[in-house]
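Shared between the two complexes below is subunit A, which has subunit B as its partner in the first and subunit C in the second.
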Partner chain A sequence: MIFKVFKKEELARLHELLAVNIMVGPVARGNDRNGKPLYDFEVVSDFAELALDYTQTVHSPKRFVLPYRETLSTFTLNPNGWEKQVDLNVRHPLVFFGMHACDINALNKLDLVLAKSTYPNPYYLGKRKNLFILGLSCNPEPQCFCRSMGTDSASHGFDLFLTDLGGKYFAEILSATAFDLLSQISCQEPSSKDHTLYKHLTNEKSKRYTTSVDTSDLTKILDLEFASKAWDYWGEKCLSCGTCANVCPTCYCYGVEEQIDLDLRHAGKTRSLHSCNLIDFAKVAGGHNFRPESATRLKYRYYHKHRGFVEAFEEPLCVGCGRCGAACLADITPPEVIASVRGKM
Partner chain B sequence: MQNKLPLLDILDSSPDPHRREDPGLFEYTLPAEITSIYPLTAMEKLYQIQIVDPDQRNRFSFRPGQFVMLELPGIGEAPFSISSSPVRRGDLELCIRAVGNLTNFLARVERGTKVGISGPFGTSFPLEKMQGHDILLIGGGLGIVPLRSPLLAVLENRSKYGRVDIMYGAKSPAELLFTYQYEEWRRFDINLGITVDHAETNWQGRTGLITELLQERLQQTTSLRENTYAIVCGPPVMFHFVCKMLTEAGLPMQKMFVSLERRMHCGRGKCCRCNIGSTYTCLDGPVFDYWSVMNLKEAI
Partner chain C sequence: MGGQLTYLGVPLARPRVGFFELTSCEGCQLQLLNNEATLLDFLNLVEIVNFREGMSERGDNYDIAFVEGSVTRQDEIARLTEIRKNAKVLVALGSCACFGGVNQLKNRFRDLDWVKKEVYGDFPIESMEVHPLADFVQVDLEIYGCPIKKEEVERIVTDLVVGNTVRHPEYPVCMECKANENICLFELGELCLGPVTRAGCDAWCTSNRRGCWGCRGPATVANLKQLEEIMHTYGFDRETILDRLECFGGFASFADTLRDKGKKTPTGRKNP
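Moving on, here comes the complex of A and B:
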């Protein structure tokens, strides 16, 4: 990996260079009921709009690679049959300006199942391959347990990652495009003082986490505690609304629906994000539902994320961003659920 | 404009429908036509579905136990077990019960309707390993549908297999599927046992549970440990009792296969709707050996 440092004032210049592309970044969008600012990722054209000191966005960046609703194909119908047209909906490259490590890692996890597996999903792959990601260091929030999930820093999946060293940024460069960009602004080689400061700051950051999850032997514990009363407790609280999957940066489950125009000449096939907590998730034609109770659906969500995905890819499908817990209307948070299943509550 | 990023195209100009890693394959369906529709019962029909292009039809190959996704534009797409023999390749037979959106629509279509087929998907029954062994095919209700493809494959090479028993149970005589083929199966030296839960007055056959049929079969053999393979497909409650009986009769778990049903929206390990625990029924199944099923929470 190649490292550089540059003065903070240069960031606006870097933005200007990238601004010939369509750019997405964190912006402030009002306050919550406690007066805390709310942030989200949106298309931005002005450097001043970017809220680079953002805590966490309400929604994850996944909608830019995995839209909530997307047309997979359209059909032209005629009396003798039909023709199918497929459009991957990739219109332009996208620059992400200021993504935190957890969200970068979330995309890396989505890559495992959507891009690097049998039957890669071209709708995802096309958008993912056309991303330029500028990562940005963050400060741990009360809901963050990324350190427990090993996703508090990103080692791949970005072009450029900036760590705030005070008056300057410490830049990690992972692509030729990023290297070329930095050569167009005023950059220096990091000094040994910069190295020391970088190590000191990352070490300090790791001490500031207030939430953690014990993931040791979790795959086995989940099997051991399959019949645990804890699931019923959380199932009772769960409203089966699917908000957690909505804000989660790694939830990718979906449903497909087809529609036909009233003139019977055209039809379409739409993919929409689904949630395993919704009641019809595993219901088959004929009416049998493999997971009729909210407790079994909630349990399945934890099974998929913390057991099955680990079995398949050697890492959990959770980056510890805490968005699901923050958004949950019933105050269900993964650290509490996992602790209770472990019998520690 | 030096920093304008280029738009990368991830698709090859000519997708290869036989390479699963080709991203262009994801939404690719083979144009196919319903060439005949044969009503089996009041609810189920047997559809002959032929891939239109002769070259694609001959290159289409599947193994018994696998499924295809059938698409009707604007109506829907759903997974169906293949019921035909693998030697017929892309000239498929699908037995479909009218029970949901797509299947109720299919119940009303006519011969000549154009559909889209993708696949084959999923795991299959290990027929090569089964050669030289006795085979038990145990099906309940619609569970006979995925059993028909391995049965037809066995009939084509009948001498390579030992004793073959079919045990098939349905709710009533009117719900029995493939009745027109029973005599033909018997001609191939297949022991066909049929039972129904409730019978009308003119039913000459047997009434009772499928486990009773199995019990009689098991009494004819001392142990299933050495020389038998079993394929079981039916409702969850049947799996539970039949698999237990077979295990007690000495059948090793790796020689007992089940075919499971789940909701599916993609068939390609992406939508997660078919997950059991977090195993994809579409990729790691639908055919599982009993050991895998035991290892999966909430499988049967």
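Moving on, here comes the complex of A and C:
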């Protein structure tokens, strides 16, 4: 990896260079009922509008590569059959200006399933390959347990990652595009003092986490606790509303629906992101539902994320961003659910 | 218009439909006449034989009857029974037909004669307790909403014409609200029935920053016990919650239970 440092004032210049593209970044979206500021990723071209000191966005950046709803194909129907039109909905490159490590890691996890699997998803791949990601260091929030998930820092999946050293940024360069870009602003080689500061800050950061999840032997413990009463406890609270999956940066389950147009001459196929907590998630043809109880559905969400995915890819399908817990009206949070299954509550 | 209706070269029968209203604002029928961009395609799919709001001709020879409104008078029971007899498929159109709708708010009062006096004064009319259609006749299909969403009706009618199974979303409004990238209204300090109300409206109200009032009735799983707890956590009192839950009638039985739990006469109401 190549490292550089540059003065903070140079960031606006870097933004300007990238702004020939469509830019997505964190912006403030008012305050919640307790006066806490809210942030979200939005298409934003003005550097001044970016809230680079943002804490956590309400929604994850997932929707820019995996939209909540996407038309997969359209059909023109005629008396003898139909013609199919496929559009991958890739319009232009997208620059992410200021993505935290958890979200970068989330995209890396989505890649495992949607890009690096036997049958890559072209709709996802087209958008994912067209990203330029500028990562940005963050400060642990009360809901963050990324450190437990091993996702508190990103080692790949970005072009450029900036760590705030106070007056300047410490830049990690992973792509030729990023290298060329930095050659157009005023950059220096990091000094040994910068190295020390970087190490000090990352070490400091790791001490500031207040939430953690014990992942040791978790796959086995989940197997052992299949019939745990804890699942019923959380299942009773669950609203089966799908909010956790919708704000999750790694949930990718979906449903596909075909709909004929009103004129009976056209039709379309749409993919909508779904959630395993929804009542009809495991409903099959004929009407049988494999998971009619909320508790079972909630349990399998945890099994997919912290057992099945770990067995398949040696890592959980969770980056510990804590969005699901923060968004859950019933206050169901992964650290508490996992602790209760471990019998620690 | 006219001509043989075909789908992929297969001839389809154009169903004869009638639109009717009992006690209602007729807003749902008005919705059907909106959306001019698709109106001609919509009209081409069906043969309308009865639609008081849209045409002068009247006929009783229909396959599908769309009935808007709730039953609040004896003569409406007779009319509804007659419609049921004529129709192969009876569709309850909108919240009034499905749950009683806004009209059923009057059922909150125990003395209906007092209600009549408050509303009509010295000019009483015949009026009884409010009922949804299903209290009197078999309802084959329900289309929810106050008002109904035209796009949803278009989809349902297309499915009926080509013979597809008509399906409603089973999940609550939260799903569609998140897909619209909204910030949860509870976080903004507003009350919302989205977590328990059936989706299908594309989060119409919440996307316009207005909390859900539950016009589409309960989702297949409506965790009302948890909702009660959430309301408490977010600082909404029982009466505020009941105002919402009782507004359209879809949550009537739960609202009754919640009111009984209160065990005190609700305030702000002139209950004799």
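What we mean here is this: the second predicted complex is superposed on the first by the 345 of 345 C-alpha atoms of A that agree within 3 Å, B and C clash if a C-alpha of one lies under 4 Å from a C-alpha of the other, contacts with A are read in each partner's own complex, and residues count from 1 in each chain.
Simple rule for what comes next: a contact is a pair of C-beta atoms (placed from the backbone, for glycine too) under 8 Å apart; a residue touches a chain by one contact, two chains touch by 3 or more.
Just so it is clear, the structure is predicted and the values come from calculations on it, not from any experiment.
In this superposed model built on subunit A, subunit B and subunit C occupy separate space and fit side by side.
Between the C-alpha centres of subunit B and subunit C, as viewed from that of subunit A after superposition on chain A, lies an angle of 70 degrees, to the nearest 10. Of the two partner chains placed by superposition, only subunit B is touched by A:L18; subunit C is not.
Of the two partner chains placed by superposition, only subunit C is touched by A:S275; subunit B is not. Using the contact criterion defined above for the overlaid structures, shared-chain residue A:A327 touches subunit C, although it does not reach subunit B. Legend: residue contacts after superposition of the two complexes on their common chain; A:T243 is shown touching subunit C, with no touch to subunit B. Of the two partner chains placed by the overlay, subunit B and subunit C both lie in contact with A:L77. Of the two partner chains, subunit C is the only one touched by A:L38; subunit B is not. By the document's definition of touching, of the two partners only subunit B reaches A:L125; subunit C does not. Shared-chain residue A:V58: touches subunit C; no touch with subunit B. Using the contact criterion defined above for the overlaid structures, shared-chain residue A:D263 touches subunit C, although it does not reach subunit B. Of the two partners, subunit B and subunit C, it is B that touches more residues of subunit A.
Once both structures are fitted on chain A, no C-alpha atom of subunit B lies closer than 5 Å to one of subunit C. When the two complexes are laid over each other on chain A, subunit A has residues 77, 80-82, 259-261 in contact with both subunit B and subunit C.
Those residues of subunit C that touch subunit A in the complex are listed here as 5-9, 12, 38, 41-42, 44-45, 154-155, 157-158, 161-162, 164, 170-172, 174-175, 178-179, 181, 183-184, 186-189, 194-196, 219-221, 223, 225-227, 229-230, 233-234.
Chain contact summary for the complex, subunit A toward subunit B: residues 17-18, 20-21, 72-73, 75, 77, 80-82, 84, 86, 88, 90, 92-93, 95, 113-114, 117-123, 125-126, 129-130, 132, 177, 180-181, 184, 223, 226, 252-261, 267-269, 274, 276, 281-286, 290-291, 296, 300, 303-304, 307-309, 311-312.
Residue ranges on subunit B touching subunit A, taken from their complex, read 1-11, 20-21, 23-29, 31, 72-78, 97, 99-101, 103, 114, 116, 261-263, 265-266, 268-273, 275, 277-279, 283, 297-298. Against subunit C, in their complex, subunit A makes its touches with residues 29-30, 32-33, 38, 40, 58-59, 63, 68-69, 77-82, 236-243, 246-247, 259-264, 272-273, 275, 278-280, 294, 327, 329-331.
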